[in-house]
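Sharing a structure with you now.
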Amino acid sequence: MKNVTLTINGKKHDLALEGHETLLEVLRNQLGLTGTKTACEESECGTCTVQINGKAELSCIKLACDAQGEDILTIEGLADGDNLHPVQQAYLDYGAVQCGFCIPGMIMSTKALLERKPEPSQEEIEYALDGNICRCAGYPKIFDAVRKAGEVMKQGWQQAARPDEKNESRPDMEKITCGITYEEYVKTLNAGKTAEAADQ
Amino acid sequence: MSTSFNASQAKTNLDPVGKSVPRIDGKGIVTGQTKYVFDVSFPNMLIGKMIRSSHPHARILKIDTSKAEQLPGVKAVITAKDTYNIKYGSNEYFFPHTVDQMALESEKVRYIGDEIGAVAAVDEETALEALKLIDIQYEVLPSVTDPLEAMKPGAPLIHEAMNNIGVILPVNFGNPDRALKESYLVREDKFYASAAAMAALEPHVCVGQWETFTNKITLYSSSQAPFKCREALAKTLKMDLNDVRVIKLAVGGGFGGKLEMLPMDFASCLLSKKAGGLPVKICYNREEEFSFSRRKHGMYYTLKSGVTKDGTLTAITGEVIADGGAYCSYGPTVMAAAIMRTFMVYKIQNFRISGYRVYTNTPIAGAMRGFGGVQSGWAIESHMDLLAKDLGLDPVEFRMRNITTPNMITVNKMHLTTNGLKECIEKATEAAEWKKKRGNASYYKEGVWRRGIGIGIAADVMGSKMYKSHESAGSIIKIEEDGSVYLFTGAADTGQGSNTALSQIAAHSLGVKYERIKCKSGDTETTPFDTGSFASRVTFISGNATLRAGKDAKMQILDIVAQEHKMKIEDLDIVAEQVITRKDNKVLMSFDEALNLCYSFNYGKQIIGRGSYNPKTTPIDFRTGEGNVSGSYGFEAQIAEVEVNIETGEVRIVKMWDAHDIGKAINPQSVEAQIEGSLAMGIGYTFYEDLKFRNGRVVNANFANYRLPRSIGTPEMHTILIETNDPEGPFGAKGMGEASLLPTSAAIANAIDDAVGIRIKDLPITPAKVIKALQEKNEQAKQEVSEK
Amino acid sequence: MLLKPLTYHAPTSLMEASKLFTELEDVKILAGGTFLLNSLKLLKRKGSKTPNHVISLRHVPELEGVTLENDHLIIRAMTRINDLFDSDLLTDNFSVLKTVCRNISTNPIRNMATVGGNLTCRYTWTEMGAVMIALDADMHFIGADGTDTGMKAEDFFKNAAKTDKIFSHVSIARDKNAKIAYRRVKKTLHVDVPLLAVCVKANFRNNHFSNTRVTVNNGIAFAQRDTVLEEFLNKSKCSVSAAEEAMDHLDTKIYDTRSDDYKKHMFRVSLKSAIKELAETSGS
């Protein structure tokens, strides 16, 4: 057993590894980061894509020990709380998400591309994503999302803290009153009693 | 063209139907938080593996599991003797003779991979070790893997069906022989459509748990039809439906492969019981996914049709032979779709096509997206183009003379109501500049590249009664006291966005903003029944159920408002978060105020809206071929512009246009996304995808050798949405999701014909086939010249 | 687990790596890992024996980088395919490397796979072999005692020899007068293991081809030269018609063994196209 420290999403993880664990298995099984997927046994599908030192790499063919000293970023490390990274936001806004199984890997490949080239040509986009299979989307909306995310990132987007936004979906039900209150109800009861008394 | 919606700009969506609102479950997906059954893990969970036949056809003489049971770490081993040996199938209601599969086979195995038992152990290594210790004695039988061979007398019998024909569908109308005799021109073509794999990224995976003290099952399954799965489980395990709970989480794609209970679903539950109630997870790896789940039917499609001199179809005759694999699965419905679709597209009175679904000792063919319509689209649309060519007619013109119209009844009693086929063809040809490009040899000729353009058209159903007497969907809308809303629907969102579309319908029918809705779907214990995600039925059928539930909830609220304000309920409505009087749109109060009134002291009424919808349709009568299978029908026209390299045989798609009659787009962006995805799958099927077998074993069971379309080579796609506002559909919507894959292969083959004058009749279209066809054409041309 | 147990070593110098390589039994080198890891997974699935030790070259600084030394391009073993693709030094005859890199596998694999791994992993389909032979590259190996053994790429692939030395770098001489044409045909219309690849390099003298090298990947044997075609070209006038005539002067064993009609056809199409390209660009 070896003591290995892996830096994942900015955090240091001290692990005891035997040597034959792939980075994919460490992420999913030991650290519970199930956002990174696997859909083949042979580095063809791209669902295990993570970003290592800024480059898109396949975690299923990377020995965990070999990743020591590298900066590993998974899909879970992109959003800052509720604030999505521009790539994540663009995928949502431009209809690139269907079943979603390819999306974590696709987003990591996209982010790696746009950080080097925020205005990629169509050919550069295609070559950067050629390792990520999507069976649902047929790619046009994915290309749209990549281009739009690049536009946002070119403007120098920063993962800055945004002020807490009020959840506009939730109405303030406490302030709304309708129908009669208990006091009024009791009054109607008493009114009934005095009426009865009056009858007798 | 792409519609876009910037979620960060508009926070609330009133009247969401028709808007491209963001996916209701999208945030979890893009942050990696969404759980698929693939990600599920429980404490003390065991790993299960199936015990499979290594022979394509054999009798099981003896199974000895004792050594495996004694292996440390193995917690349970099951075989058929642990079961009730009850058969199940996917078309029980209408075709009892096609109920031919047991969860675990005890007598015979019929394909390599046929399930005989299962083991559960503390980890995968131990389970795999245990598999090696299972001792099975077989009597190997002769096997047959080609459907044409399997039909011949003397071929080994796989089930009891004569000549291995599991399903016969003879469809006859009018007098086709006389019509052909009287035709100006008759031509015959033979086509072959290959077998393909669904290849969804999330493999089949399930986690079963048997609660031993209550005898209740909970099964998490990556499923498109949890209720179908529940029904099969209850049947084979002899349990009440309310003791079996099937839950689907997010599903990583299905495409028809996850529409039924697989032996793994059954095995994980029974293993759990035998292991004292520990949860058991069974997950397919990619090789198992290609080899042991489901696939598309490969089909031999012969057509012989006649036309008049002016291009009207007189008769269509032919034969379809489908390779069904070892068991029946959704075979009958696939056969029906493979033949019936023609009636939705072309007006024809004289018709005779006989369909045969043949058993072979190969992996099971089931319901892959398109349901037989892909293979039929390939054959029919290619054939139509060839007829037009013989007549010297433009293919678009030929089709226009023969297509179905709105408000007509076909010869097999399908009621076509809204029908945008003509408009689809017009809009597509206009956008593609058809007139300028078609047959225009000088349009593009550069070096070794030649360009051409071709068209294919298709129609789609919205559901059909396949395995039950009904195909209803149900929805419940539950409004909480703070105004947040639950939508419970049985519809299974497998990525196509049904949760989102149904939530839009729920919000719109209730009169509130989209953001109030949370959708819970596909849990047989808490959501109402729904037959599942297939046949593009969800928007239409589950949508109507949701619409009714929304209206029901609205009426309950308005009832209270009417009582309180002493008004008539018919005079009130809820629109865009406001309670209004209908005649003058005057605002009475806000939705929240109305809700507060319902929950207030003097009324105290919970608002629970219910809706159920079962389209008034008839199943296909397999004796006559008649049946109005769908509540409405969708239509589309697809045009492909291609470039052919006459030196290398490479075919490059320049652009594709798809004009689609969808009734109404509930979420335009989602509809486009589905069209594009379906189109891409069609392109994959045309060029790259070909599931190959050798001696009954899948040879290319991995992504390296079974190629899927990727980013490189994705053509430009132009989608045109045509809204015919169907009277039966929710807000006018019809379903969609499959249609864009039906005419693609033929549109491309037709375009190649236009470009270089060759006709490929069997899929996939490979560069090798193109070169061979070009060489043969050149040879023929040389011969003709020398003969002159 | 995807792999069988193994012991992982991460030496921090080339000497240390070499020593380990000679000392350990049953050991494999881990460069990019794109070939090795998939092999290990496959061996485990089959139940076969897997190596006990893996030596990772990730932290060996002597194996990093692409440099120019004495007008020779030095590509060290751990250079990633995408990094080679991005290098500014790929001018003159080195520029063919850019084309080759572009078409290897998929993007994340190009980020991980190394030139060293591609050359030494003994897989008939690796693209680098053919182009290195065409460039007349020298492959350098470092022994445990630190000595540098060089051999021509052609010899390395011809002998298919197993070595107890670690591959260190390739060295390619600049040739301003050479032109190289590279053709790669995919099996299907998509990025994948190629159906075939050919590389034709020529110098020009008196309007004739000279010093030609024709290297071929046919997927059946390791990268090899077609000396029959080379001989013909060396006698040919540098013209487009030479491409057509060349078709009668091929070492057909290389192209036609176990090839179906389409592959035979595409070999010829590719060679013709490559020779034509050289003829057309020879003036510039």
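Letters A, B and C mark the chains as written, and numbering starts fresh at 1 in each.
We adopt the following convention: a contact is a pair of C-beta atoms (placed from the backbone, for glycine too) under 8 Å apart; a residue touches a chain by one contact, two chains touch by 3 or more.
For clarity, every value in this text was computed on a predicted model and none was experimentally measured.
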Pair of chains joined by more contacts [C-beta pairs], B-C or A-B: A-B
Distance-maximising chain from subunit B - centres being C-alpha averages: C
Gap in Å, rounded to a whole number, between the CA centres of subunit C and subunit A: 40
Intercentroid distance (Cα basis), subunit B paired with subunit A, Å: 28
Between subunit C and subunit B, distance of the C-alpha-averaged centres to the nearest whole Å: 45
Where subunit C touches two or more other chains at once, by residue number: 1, 191
Set of subunit B residues in contact with two or more other chains: 704, 709-710, 712-713
Interface hub residues of subunit A, defined as touching at least two other chains: 41-42, 44, 127, 129-130
Subunit A - residues contacting subunit C, complex: 2, 18-22, 24-25, 41-44, 46, 49, 55-58, 60-63, 65-66, 68-69, 109, 127-131
Residue numbers on subunit A that touch subunit B, as the complex places them: 28, 33-37, 39-42, 44-45, 47, 74-76, 78-79, 84, 88-89, 91-104, 107, 125-127, 129-130, 132-144, 148, 168-171, 173, 176-182, 185
Of all residues in subunit C, those that touch subunit B in their complex: 1, 185, 188-193, 260-262, 265-266, 269, 273
For the subunit B and subunit C complex, residues of the former touching the latter: 124-125, 647-652, 687-688, 704, 707, 709-710, 712-713, 766-768, 771-772
Of all residues in subunit C, those that touch subunit A in their complex: 1-8, 10, 30, 33-34, 37-38, 41-42, 45, 54, 56, 58-59, 82, 102, 105-109, 111-112, 191
